[in-house]
Amino acid sequence: MTLETILATLGKVVVIVAVPPFLLGVIARTKAWFAGRVGPPLLQPYYDLFKLLAKGTVVSRTTTWVFVAGPAVALVAAFFAAAVVPIGGGRALWAFEGDFIVLAYVLGLARYFTMAAALDTGSSFEGMGAAREATFACIAEPAFIMGLLAIARATGSLSLSGFLGPSIVHVWSVASASLVLVAAGLLLVLLAENSRIPVDDPNTHLELTMVHEVMVLDHGGPLFGVVLYGASVKLYVFAALLVRIAIPIAEPAWLAWLAFLGGLVVVAIAIGVIESAMARLRLPYVPALLLSACLFCALALVLLAR
Amino acid sequence: MTGCFIALGVLVVSACAALAFGRGGRAASAIAACGAVAAAALALPDAIAVLAGDVPAEVTILWASPIDELRFGLDPMSAFFVVPLVVLGAICAIYGAFYLDDQRARRHLGFPAFFYNLAIAAMLVVLLARDAIGFVIAWEIMTLASYFLVTFDHAQSEVRRAGWVYLIASHLGVAAVLSMFLLLGSHGFAFTDLAASGRADGGAVTVAGILGLVGFGVKAGLVPLHVWLPEAHAAAPSHVSALMSGVLIKLGLYGILRTTTFVGDAVPWGPVLLSVGTIGALVGIALALYQRDIKKALAYSSVENIGIAAIGLGVGFWATSAGEPTLATLGFCGGLFHIWNHTIMKGLMFLGAGSVLHGSGTRDLEQMGGLLKRMPRTGALVILGTVAIAGLPPLNGFASEWLIYLGLARGGSAADSSVGLPLLFAVAAVATVGVMAVLCFVRLAGIALLGSPRGDGAAHAHESGRGMVLPMTVLAAFAIAMPFVAPLLVDALTPLLVELGVEAPSSVAAHDALVDLAYVGIALWSGIIVVYLVVRRLARRRRESETWGCGYVAPNPRMQYSGASFAEGMHRLLPGVLRAKINVPYRTELFPPPVDLRANVEDPFTRAAYEPVLDRLARRFGQLRWVQRGLLHIYILYVVLAVVVTVAIVSLRDFWGGP
Amino acid sequence: MSSLFEPLLVTVLLVNMFVLGASRLRSVIGASAVQGVCLGILAVTAHGELSFEVIGIALAAVAIKAVVIPRLLYKAMRDVAIVRDVEPLIGLIPSLVIGALGTVFAVVFSGTLPFAGVHEGSLVLPSSFATVLTGCIVLTTRRKAITQVVGYLILENGIFILGLSLLDAMPFLVEAGVLLDLVVGIFVMAIILNHVSREFASTDAAELAELKE
Amino acid sequence: MLLALVLLPIAMGAVALVVPSARVRAWLVPIGAVLHAALTVAVVIWPPPPMFDRWLALGPLGRLIVPILSGQFLVCAFYVPAYLAARPERPTRVFCACLLALSGTMSLVAVSHHLGLMWVGIETSTLASAPLIYFYRTPRSLEAVWKYLLIGSVGIAFALYGSFFLASSALHGGHESSLLFEDLVRNAPHLSKPWLHAAFVILLVGYGTKIGLAPMHTWKPDVYGEAPAVVGAVLAGGVATCALTALMRFVQICNAAGDGEFARSLLIVFGLLSIGVAAAFMIRQRDYKRMLAYSSVEHMGIIVFGLGVGGLATYGALLHILNNSFGKGVLFMTTGNLHRGYGSRLTADVSGALHRFPASAALFLAGFFAITGSPPFGLFLSELAIVRGAFAAGNYVGAVLFLALLATVFIGMGAVVIRVVQGPRAADVKREREPLLTILPAACCLALVLVLGIYVPPWLDALLRDAAAFVEMQP
């Protein structure tokens, strides 16, 4: 473990811990810019986090330890996912064969405990959010796995760091069409998983329309802080996947890092643009949207497996 | 082998003793439980020894005709199934003793104890049998004993119906299995002779293979044949459904594995098991989603898990025929470990459901709620069970699915497109099943344990005694420990893989994968514990108040999301035939009278396929009734006609030199 | 003596036709008595020498078939006070036609069987089989219970004819046993018939159809 | 010695007629049965010489059938005292006498080696069983007796006619015709074939009526439905077995004459037809006693099918005769208890018997599993031998049809039995007293069938092999 690798891993850990809330800031600022407002400062999410962690909390009488376990497991799962996804042109913190399946199932674990925490409060709104989240996940998950599987099949490796590494450059040259399909599919999955506009409206006030926000309706103070932070890391994970597929630069380390961080910001801006340009889809149409994500990835799989 | 025989003796003796002391109730259950535990203690070392590479023993006992001789043996394949049988058998026996205790006054507890031990003994003989007749006799005794266990409280009509459906299905299954043995039994009935006549190619061997698949598939619960499983598990007392779901249906898979050793590749086992498994998994979890009775939901989840195990075995067989030992090892290890894991998880879940039923007095999800507050220990164990059975990482459910995933993914990405694509789409299918399982089991745990109680049974629920919680804790410990123990067990499976036809099984790939997973497990466990403690500490300054209902002041439990509404989103996306028939009379009057919604949640295969066919057949038979109309003349006419017609045919045939 | 053989068998066949055609019960019982007598004479003529055994059989047959059983049936007919005539289920003419067909079938069938021994090409087998078939037709087509008993009697006569051709082979004891069983059978049927008439107030077959699926 | 076997029960019957007190008369039946059984054991161990120049003899078949008959009668006999005690108002004089006489006539059939004598034996057994069926003196039982007598007599007449055909087949085959089996078997190859074929057909239909093969089975449901349970047991176990013995003698003659193939094909057709008809009428049967009758038709079909398949299946058929007669005993005696307890035979009125009559209901359920051939019981082994024979003989269609029909019977019969045995427990229902003597015989039958399912003792196996070889005698 030379000094240089220690420094690299430290750098990666810092990025994983520090960058995610910044993405939320960028999205908020983009939406404000679109609406002609000045918008909150880029570091607003950090301020919110510190404020929330310092506050006391109000807990419903019907809840049990599951209510607290929800946000905790969500955060752990998000960090684990971040550790497995390759960062800045190089490899991920942790890479082993078939880690993209563990990634999907760890996110499933987070989803389990978030939904359980929502049901723990016994409120009809949180139950509604949990039910919707479960239904949409049932269609988003296969798309996610098929997308990653397509790239794995194309590059021959089964590890995220493997197939999102340098070998993807060759795939771009050979089968760029299917990669675009995969990227589109993963973008839709990103929007669904991180409660972005077409699937869910993050800052609406009408509980009946929410999906993710309503699941954490009752979490207050530090609990909500942990939830927020977990959600941001999860957004970072999906964005990082998208960036590593879209911008496969690995050669000069500084350029790779720059491209990676720049890519994250570009993805955040893209999300902000989509949120400003579109309104939330009616609920019965969301499965149709996610089904199209599935079809994209399946088509990519078929094309690549030819 | 001697350990197993002594265990058999202990089981049968304790069963009869339990029957004798039945009147005492508690004495009977205690004797039976001790018998089961002693048998486990005796049989386990034998099985583990054979698994660890000891030379398999074979015993031949000469018997009176027409059986002529009975052969018994313990080879890696049997030993692999003996371990879960005796372990879960002992645990459920202890649980059962306490579970049935409060019925001591009303019921004669000797009988369930007797049939319980008899069932375990019969299953042990099934696993030890090395000749067809001994196998079929033990198989049917197992069916009869489990039938009497399922219909323990036969006062309720649906229990009787469940028992009856189980009896018919098993009987038809045995008929198919018997025909297979007879088709292959031309040289003799020992398994070695069956394998010998199995090597001769020809249509008969393929037909025998298919008969074996169908016959054992009924017991394993492969999809079109699974209709008896949900009703039987819902009707049986919980420790019996745990035993049945944990071990009995696994013997179906054991039977299929035995058939593959007889029939060899006259039947393309890889693709067959893969497709049957995928369909089974998808249909099983789709039906488990909207079940209102938690034990039925768990039973359908068993159908799903058997499907996943079949997929694992399918990958193994496909890779063996394609000549890739590493892939075959991955598939087989995945499939076989999933059998062990499912035994642990499903046993824990059914015992948990039993404890919930014992505490809250109901199995109906819509009457439960808030049980975690009232039954903290059972609640926690059930949540751990649901996480495991949904196949989520740190626990054992994911360990075996993980190997199956690797087998499928590696096979898919390496092989050419004609074979690769189905494998890759199988990965997608298993992923869908996994995420639907998460939905199904969050629904079970969430609606039953969390929130506020919906029925007064749940409101006054009381925690189960130590006797019921301890067995569940043991199973939970297995579930937690399994992913870390798995890497050590992989090379224990190599003799079994050789028996399944893998030439040079290299368990390196499987070993490395499990080691990676162990690290993932350690990371996740430590992360969750640390972060949970930190978050709890952060949120220590807290104030209790009502749940936020958007300003609505008087919330009541009925406003909570119910099981049906939770699954309704996904239920609507299911294909039409799998959906429950919900009929709501549509009233158009100005002041419509109260209307009730009735959902027919009967198994779609029974409702759409089996019942109509059987009804039509019964009516067709009914039309034959006029033959017995009561008129004496007609009866005598039958006799006369019988003489005249037969004489005519015979003499004509003779006259014209018939054959 | 053997010259009487053929005409007697022909008379038996004629009696068959008469039984099928008769509409009154009394005449049917009379016909069965006549057939009994013919059988008696047949028993004697079937064998050359008149041993004590053969005469005994003949006398027993005539006594039982012509005297004991008909009187029994007449008494039963009187006790039960039933309507005198025979109500056939399918009408007299069709039963006659079926009777004729039966006889033809009997002749054709016995043609296929080799007939060695003294009765080369004789009418024994066809007449025996025809009588058996007539008995069956009476059993299956007549509504009254008493006519069914008569039908059974004619069936037994048919079998007795074939028995005669084996007389030298069949020891006396078995022949007597067969006759004895016939008597006991008819006797038990008559007893049951009284019970039936007391219980059901008529021996019509329609009442006797309660046991059914 | 052999004559004693026949005359002893008839003598006991005569004594029963004379004895004044009802209790003593009721106990005469079991005493007679015990004596008969003792005599049987003596006869089987020290085979006596044939009597009346080989009219009465004990061949290999006889040595198997006589013990079955006397054992079965013994078990049923011990049921009679308790059965009659429950009906003090009924006159039992004729009942006991006829029952004992029936045992005598059955033994006569088993030991007689003369065609005519055997016919007389079967005819007298029919007449002896008529008053037994009419025991309840109801219009329905009267109708049952009338049908039993008429159809039985027509059947017996054809049997006699067939015997005459067989005698004349010897006569016209160029040899002096004799009705002794030894002679018939000895010069079997010289019998004229057309006569033999016609004889076998008529005999098959004649004795088939007594066995209860389809389409001549129509009297069985009415008779077993109306007769008292113990009479049903004796008829199904005893009289049917005698008729089967007669049929086996003719199969042996056909085998000896080298015409085995012809006889076997007919037996297979009639066997499968019987199982099919029984299966068809078993579905949604409303009366559980009539259901037993169809079960009897089915098992006769199975035995005849076994004889038809030949080879290993003949051994299976003989073992099945033994298992079936005791299996039927369990079912009939337990239904007798349930019928007396509930006062009705319709499955609609009887449910949840396990709560009121636990012992009888449990035995009834176990009997059901035994009779439908579930493994731990003997009937599974015999049916397995039969199917194994069928597969070995390559008769796949027959074997598959056999298994399918057995499955249908299981479903049909199971629906009735499960409905009767299991059921809701009404509040006021309490466990009723069941006299030991009504339970013990059924339990012994079940125990025997269970033992036969696991271990067939060597001496019994030797008996079965000799009988099978005897029936399968090649020219």
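Which chain is which? They are A, B, C and D, in the order written, and residues in each are numbered from 1.
Definition applied: a residue touches a chain if its C-beta (ideal position, glycine included) is under 8 Å from a C-beta of that chain, and two chains touch if they have at least 3 such contacts.
Everything numeric here is computed off the predicted structure, so don't read it as measured data.
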item	value
Neighbouring chains common to chain A and chain B, by label	none
Between B-D and B-C, the pair with more C-beta contacts	B-D
Farthest chain relative to chain A (centres taken as mean CA coordinates)	C
Most central chain, judged by mean C-alpha position against the global CA mean	B
Between chain C and chain B, distance of the C-alpha-averaged centres to the nearest whole Å	69
CA centroid of chain B to CA centroid of chain D, Å	43
Whole-Å separation of chain centres (CA-atom averages), chain A against chain C	101
Chain C and chain D, separation of their C-alpha mean positions in angstrom	31
Two or more partner chains touched - positions in chain C	109, 112, 136, 139, 148, 208, 210-211, 213
Shared interface positions of chain B, touching two or more other chains	625, 627-628, 632, 634, 636, 640, 647, 651, 654
Sequence positions of chain D contacting 2 or more other chains	146-147, 150, 154, 194, 198, 221, 281
Contacting chain pairs - touch in the sense defined above	A-B, B-C, B-D, C-D
Complex interface listing, chain B residues touching chain A	369-370, 372-373, 376, 379, 383, 387, 390-394, 398, 402, 405-406, 409-410, 412-413, 417, 420-421, 424-425, 427-428, 431-432, 434-436, 438-439, 441-443, 445-447, 450-452, 512-513, 516-517, 520, 523-524, 527-528, 531-532, 534-536, 538-539, 541-550, 555, 557, 559-561, 565-570, 573
Of all residues in chain A, those that touch chain B in their complex	53, 56-62, 64, 66, 68-69, 71-73, 75-76, 79-80, 94, 96-99, 101-102, 104-106, 108-109, 111-112, 115-116, 118-128, 130-132, 134-135, 137-139, 141-142, 145-146, 149, 152-153, 156, 158, 207, 217-218, 221-223, 225-226, 287, 298, 301-302, 305-306
Contacting residues of chain C [partner chain D, same complex]	109, 112-117, 132, 136, 139, 145, 148, 152, 155-156, 158-159, 162-163, 165-166, 169-170, 174, 177-178, 181, 184-185, 188-189, 192, 195-196, 199-200, 208, 210-211, 213
In the complex with chain B, residue positions of chain C that touch it	89, 105, 109, 112, 133, 136, 139-141, 148, 205, 208-213
For the chain D and chain C complex, residues of the former touching the latter	114, 116-117, 119-120, 123-124, 127, 130, 134, 139-140, 142-147, 149-150, 153-154, 157, 160-161, 164-165, 167-168, 170-172, 174, 176-179, 192, 194-195, 198, 221-222, 225-226, 281, 290
